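Please see the structure below; I have some questions.
Labels for the chains are A, B, C and D, by order of writing; each one numbers its residues from 1.
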Amino acid sequence: MSEPGLLDGILARGAVRAEVDDGAWLQAMLDVEAALARVQGSPHADSIAGCCQAELLDAGRLGAEAARVGNPVVPLVRAVRESVGRDAAVDVHRGATSQDILDTAAMLVAHRALGPLLDDLGASAGAAAALAERHRETAMAGRTLLQQAVPITFGLKAVGWMTGLKAAAARLAEVRRDRLAVQLGGAAGTLAAFGGDGPRLLSDLAADLGLGEPALPWHTDRTRIAELAAALGEACGAAGKVAGDVVLLAQTEVAEVREGDPSAGGSSAMPHKHNPVAAISTRACANQAPGLVATLLGCMVGEHERAAGAWQAEWRPLTELLRLTGSAAAWLRHCLEHLEVDAERMTENLRRGSEQVLREHADAKDMLDVGDAVAAAATLVDRALERR
Amino acid sequence: MSEPGLLDGILARGAVRAEVDDGAWLQAMLDVEAALARVQGSPHADSIAGCCQAELLDAGRLGAEAARVGNPVVPLVRAVRESVGRDAAVDVHRGATSQDILDTAAMLVAHRALGPLLDDLGASAGAAAALAERHRETAMAGRTLLQQAVPITFGLKAVGWMTGLKAAAARLAEVRRDRLAVQLGGAAGTLAAFGGDGPRLLSDLAADLGLGEPALPWHTDRTRIAELAAALGEACGAAGKVAGDVVLLAQTEVAEVREGDPSAGGSSAMPHKHNPVAAISTRACANQAPGLVATLLGCMVGEHERAAGAWQAEWRPLTELLRLTGSAAAWLRHCLEHLEVDAERMTENLRRGSEQVLREHADAKDMLDVGDAVAAAATLVDRALERR
Amino acid sequence: MSEPGLLDGILARGAVRAEVDDGAWLQAMLDVEAALARVQGSPHADSIAGCCQAELLDAGRLGAEAARVGNPVVPLVRAVRESVGRDAAVDVHRGATSQDILDTAAMLVAHRALGPLLDDLGASAGAAAALAERHRETAMAGRTLLQQAVPITFGLKAVGWMTGLKAAAARLAEVRRDRLAVQLGGAAGTLAAFGGDGPRLLSDLAADLGLGEPALPWHTDRTRIAELAAALGEACGAAGKVAGDVVLLAQTEVAEVREGDPSAGGSSAMPHKHNPVAAISTRACANQAPGLVATLLGCMVGEHERAAGAWQAEWRPLTELLRLTGSAAAWLRHCLEHLEVDAERMTENLRRGSEQVLREHADAKDMLDVGDAVAAAATLVDRALERR
Amino acid sequence: MSEPGLLDGILARGAVRAEVDDGAWLQAMLDVEAALARVQGSPHADSIAGCCQAELLDAGRLGAEAARVGNPVVPLVRAVRESVGRDAAVDVHRGATSQDILDTAAMLVAHRALGPLLDDLGASAGAAAALAERHRETAMAGRTLLQQAVPITFGLKAVGWMTGLKAAAARLAEVRRDRLAVQLGGAAGTLAAFGGDGPRLLSDLAADLGLGEPALPWHTDRTRIAELAAALGEACGAAGKVAGDVVLLAQTEVAEVREGDPSAGGSSAMPHKHNPVAAISTRACANQAPGLVATLLGCMVGEHERAAGAWQAEWRPLTELLRLTGSAAAWLRHCLEHLEVDAERMTENLRRGSEQVLREHADAKDMLDVGDAVAAAATLVDRALERR
């Protein structure tokens, strides 16, 4: 696992970082090579697997050689072949092409990263649900267009957060289960290099690696990447929405919530400030997602049997998008699990806002009835928690 | 239905345009108002429905008034109330808020637009499947990084097109079925204005309009819009990929396919040219999608109970994305249904490329074996067509 | 000028809409054809110019025919030739290609649209400057990360708005002056069809149309479009920043500013609300810019002498970006010219926030000194106003 | 300088990588702190400068602490204060806020990275100019919409590449010269913490660091970042255009150019292939730019005196955009400096295409006259080279 970088504390929080760094990518590629030898029934499969360990290779050197051929698989195969010895070498990468390895590795990396990512996203939704239960009847001002409108409850707001997070998590889980599949096609996708054995290998490789089996090699069909990217973007949007609300509620003049971690939130110039660092960092991560999703959607349009640029342009945005979404989820979990809610201040703000309205619009009285709002909102909270 | 604009022939081909124009949006909003009165059991429901006809209203005037309040629902409600008469007026828009109407209308517009859109996308996939069947054994050069690599068949290429288009269509159909839901919450989403009747109304309104019923009002949870947008972007990517291949195959120097419509493709300066206009126009439409998807993902992050800008920023990109995806699908259908394939030229190009390789690399002979490639590819074509 | 659409009141405010609609594009293309005949010294130049009137043509019909050839210039030229009569027909579009006309028309459209756009942007900056002068010493809370930090003045905030708007306007004016140039190259950009006359025509056409003269036909070099798009995106960002601040200051709990137009801001569900519609609409427009800029940057990468999709994908995003930026500027001007500032509330909010800090951090006293802050801020305001 | 990563050979080629890595950012922040002490006339300025060395600090540890406060400056200041000793500690970061340091550091990083980046971009343009001179009269097919159109010369194509690259380089140089300025404002941008000394410090700090002096602290005005990002995106677009043409010309069936580096271009599955790796990698880098530019434009809209998320979301996209643009420029330089042009093949392709046209359209003869085209194109080449 690589050392965390200068900004990783903020932009790469949580366990996803380690699942998408260079070492993780390298190991994923090596896992594919090892599995390929295995499902091809190579008598050297075990010793090949023994050499397919990321720590035995020098990522930097591979990277430098990768520049000569345009992808890191060529030097990786060469390195594995060298270390495995002459007899076994021929069974390394047999019949495969670089894109088979890299695309399948991308799926493995995504599959692995989505584990902790979904944990953190689920925990965030769980924390929102807990807030909703606890504040089922905590009245507060509903705010539309950032103006106080009519009363709601904090429970309703929190259960709305939960719903968005759960929808995003459900979609991500669905993509993980249904759309992360092995890629194996050989030089141009016919599987011809595997003789009649191709379709069986496709199936066995999928089973070996715990990924899906595609009907067809998908090197030219990037809908899987697109759906993964979109689901990550959706998760960032759902997380960013919650974080945005927290930042707004934490404003000095509103002060209805406060991030609870007492060790955090200081300022270099103003030691007295208490900043909602977790919510802010969630947004910092989530804000970067739409542009990356756009890049990955743009990369769907590749030329013929392998894109001359669009394929290679996927690697970093996909990595970054996994990392940022993981970080957003980890930050949001931290934020919501430690969120301090000031129910009294909510009541107070609501009362003040309503009085102000009623001074000018006495006829708005019915709309501002708190009891009705709380009752209606509580029904919705219960309903949403039941159906979750 | 509005008159087509100067560029609509190119950028808004097909039946989707009419489903997303101003009149369609207006009618969708009116349909929601009519349905709302109906499910609320208003004795005036029929006369309200009678007044909820887009052609009775002046879109331009509504638009001008919309500017004063920030959305078109306020003047629309006023206009309907005026036309329906004093007694019924109180039953128009009762308990609802502007966003309820607009969000539900957006879902209706999307639902309706996805009808012809999925038809055209499905027909494109069907045309690709037909090409795959017909050219199951038509050998051609596989091209990676735009260099001839090893032989494939045109059937394999076409079935790969089909797979991508079908995946995108399946996702869009799934979003249409599972994620297009009514929005009803009242002023700030509690349903309080409907008394205890809110949840039932949610359910009845969904049934009346043929949309889904959400667990919770979703005004603050834009995952539905995000998934719709992403699925549209995916469809554009899948269509763009196919169109890109067609454009490349149609190059003068390659000349393996040609768009068949003899009336099309002329040039203002060069009457002798035959341009693949359908494929080019598919790309023109599809290229615009990633940026629009990014905008809509960015709009997920709205403030509290109604976003002050992010909500309003959704309307046009969503409309445009539906229109462009519909247009891309319509163009691609036209392209593939009329595609002329020159199998002889494919053979000829493959032979020339192979000879060139073999002059320098005699040992590449096995890789370039056409018979093996055709057999392997045909197996894959059959498999993909069976599983479709 | 086309009728305004349902959402144009919100998303297409101001005078730019009329400069970028179908009629404006059509007229711009016709202006190029007329000018081309003129600078070529055609004896029929006057009668050609007489036929080059948008109102004589049917945009919808041209659009339908445009679909057959992939651009609207081919049918436009045919229509002009028909109306001008057989003798003059040969002098219409002589030596030019469709892209010459469309690219030059795009520059004309942009040049014309930037007139009112820069007016509104300049007026916005002027209104910000006036606020800065008026509130040179109006103390308010500085807010970092949406927490009260140390005192600033409203004048300083407003002059910061001015600086951003002025920078964006300066860049747009620079692009307008230096980068909007005629495109003329003929079929593939050699100017060969004009004999030795090409370079002179380039120069004369530029002079005739009031656009720049490029060193080279720029059909393959889209840096001009990119710079225009980026400058529009920058203007939207600068406007969006100001509008965002206004929305935040107008929050019920902050209430330091209020949009002054008494006829605006109502709600369909809550007649008592006063929403900052102008600021919200500014954001609604500005939010859509980054995605459109990304699309246009992506379109820079076109194939050889004319892109097969990327060129055609520019037309709508460019139009939309001009319209939205114009709309954002018009809304912001309206917002700032009618902004009501509640200086007392600013003082009150600042006092309350400071007291809260001082209860816990008595040593923050120096940082919270209002007099020092006002003096320092006033110096900066003066400096920025002087250098504007 | 950090070790290159697995994909850096492809995605972070050239000298820019080292100018934007963690060490470079750290040193830039330290340079700002050292300069600040210096211009404030601290008697400890030298010893502070002595401690402001990136290699004395542990980036990973700073990063971990950064997570607690939301930015890396707070722990960096603490570390420098500790190492500089108690007396000098008070002169470290005096009056400044984290954003002052980070924003100014961003400008320094950009300024430094743009050095080698502009070298590579300039060398690319130079290589294109050399190709234009050498092939001033090399006839080839002009291709519009990827169909052969009329003759051009390779010189004209290459000089068009040059023009785009030069325009982008000129814009970047302009941004570097005019828009990279120091940021200094103190806690909320008033400069109050510096007493009356603020404006002088702004000026001296700018002079010390070799950056511009702003009229106003620009923490709230992100037009500088926007212009930098846009100019980088433009450079990527210009580079991507050239690379795209090279990839198309290098197609097996066209074969008019070939990347000359004999050590590069191999394939893992097909050792016989010669792939245009440099052009492909240029595209791989350039393709990622539009999404990053969109992210940075979106970040312009920050709240009040410091954005709660949008500011923090700038750091990585800006770094990545600099790195990718640098990499694209380095790859393109390599590509163009080693490009092998097959003039005979150009002639041959042109002849074949023309014959094909003339079989069906004998009247196109004039348009296809090679001599006229070469003469006209040569005039344009000369003109563009003169005006460069």
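Keep this in mind: a contact is a pair of C-beta atoms (placed from the backbone, for glycine too) under 8 Å apart; a residue touches a chain by one contact, two chains touch by 3 or more.
Predicted, not measured: the structure shown is a model, and the values here were computed from it.
In this assembly, the chain whose C-alpha centre lies farthest from subunit C is A. Just to note, of A-B and B-D, the chains joined by more C-beta pairs in contact are A-B. Rounded to whole angstrom, the centroid-to-centroid distance between subunit A and subunit D, based on C-alpha atoms, equals 28 Å.
Centroids of subunit A and subunit B (each the mean of its C-alpha atoms) stand 25 Å apart. Each chain gets one centre point, the mean of its Cα atoms, and the points for subunit B and subunit D are 35 Å apart. Residue positions of subunit B with contacts to 2 or more other chains are 70, 97, 143-146, 149-150, 186-187, 193, 240, 244, 247-248, 267, 269-270, 275-276, 280, 283, 286-287, 290-291, 293-295, 298, 308, 367. The touching residues of subunit B, counted against subunit C in their complex, run 3-11, 13, 22, 25-26, 59-60, 62-74, 77, 93, 96-98, 101, 186-187, 193, 240, 243-244, 247, 263-270, 275-277, 279-288, 290-295, 298-299, 308-313, 315-317, 320. Taken in their complex, subunit B has these residues touching subunit D: 141, 143-150, 247-248, 250-254, 267, 269-276, 280, 290-291, 294, 298, 349, 353, 356-357, 360-361, 364, 367. If you check the complex, the residues on subunit B that touch subunit A are 70, 97, 99, 142-146, 149-153, 156-157, 159-160, 163-164, 167-168, 171, 186-196, 198-199, 215-218, 220-224, 226-227, 230-231, 233-234, 236-238, 240-241, 244-245, 248, 283, 286-287, 289-291, 293-295, 297-298, 300-308, 367, 369, 372-373, 375-377, 379-380, 383-384, 387-388.
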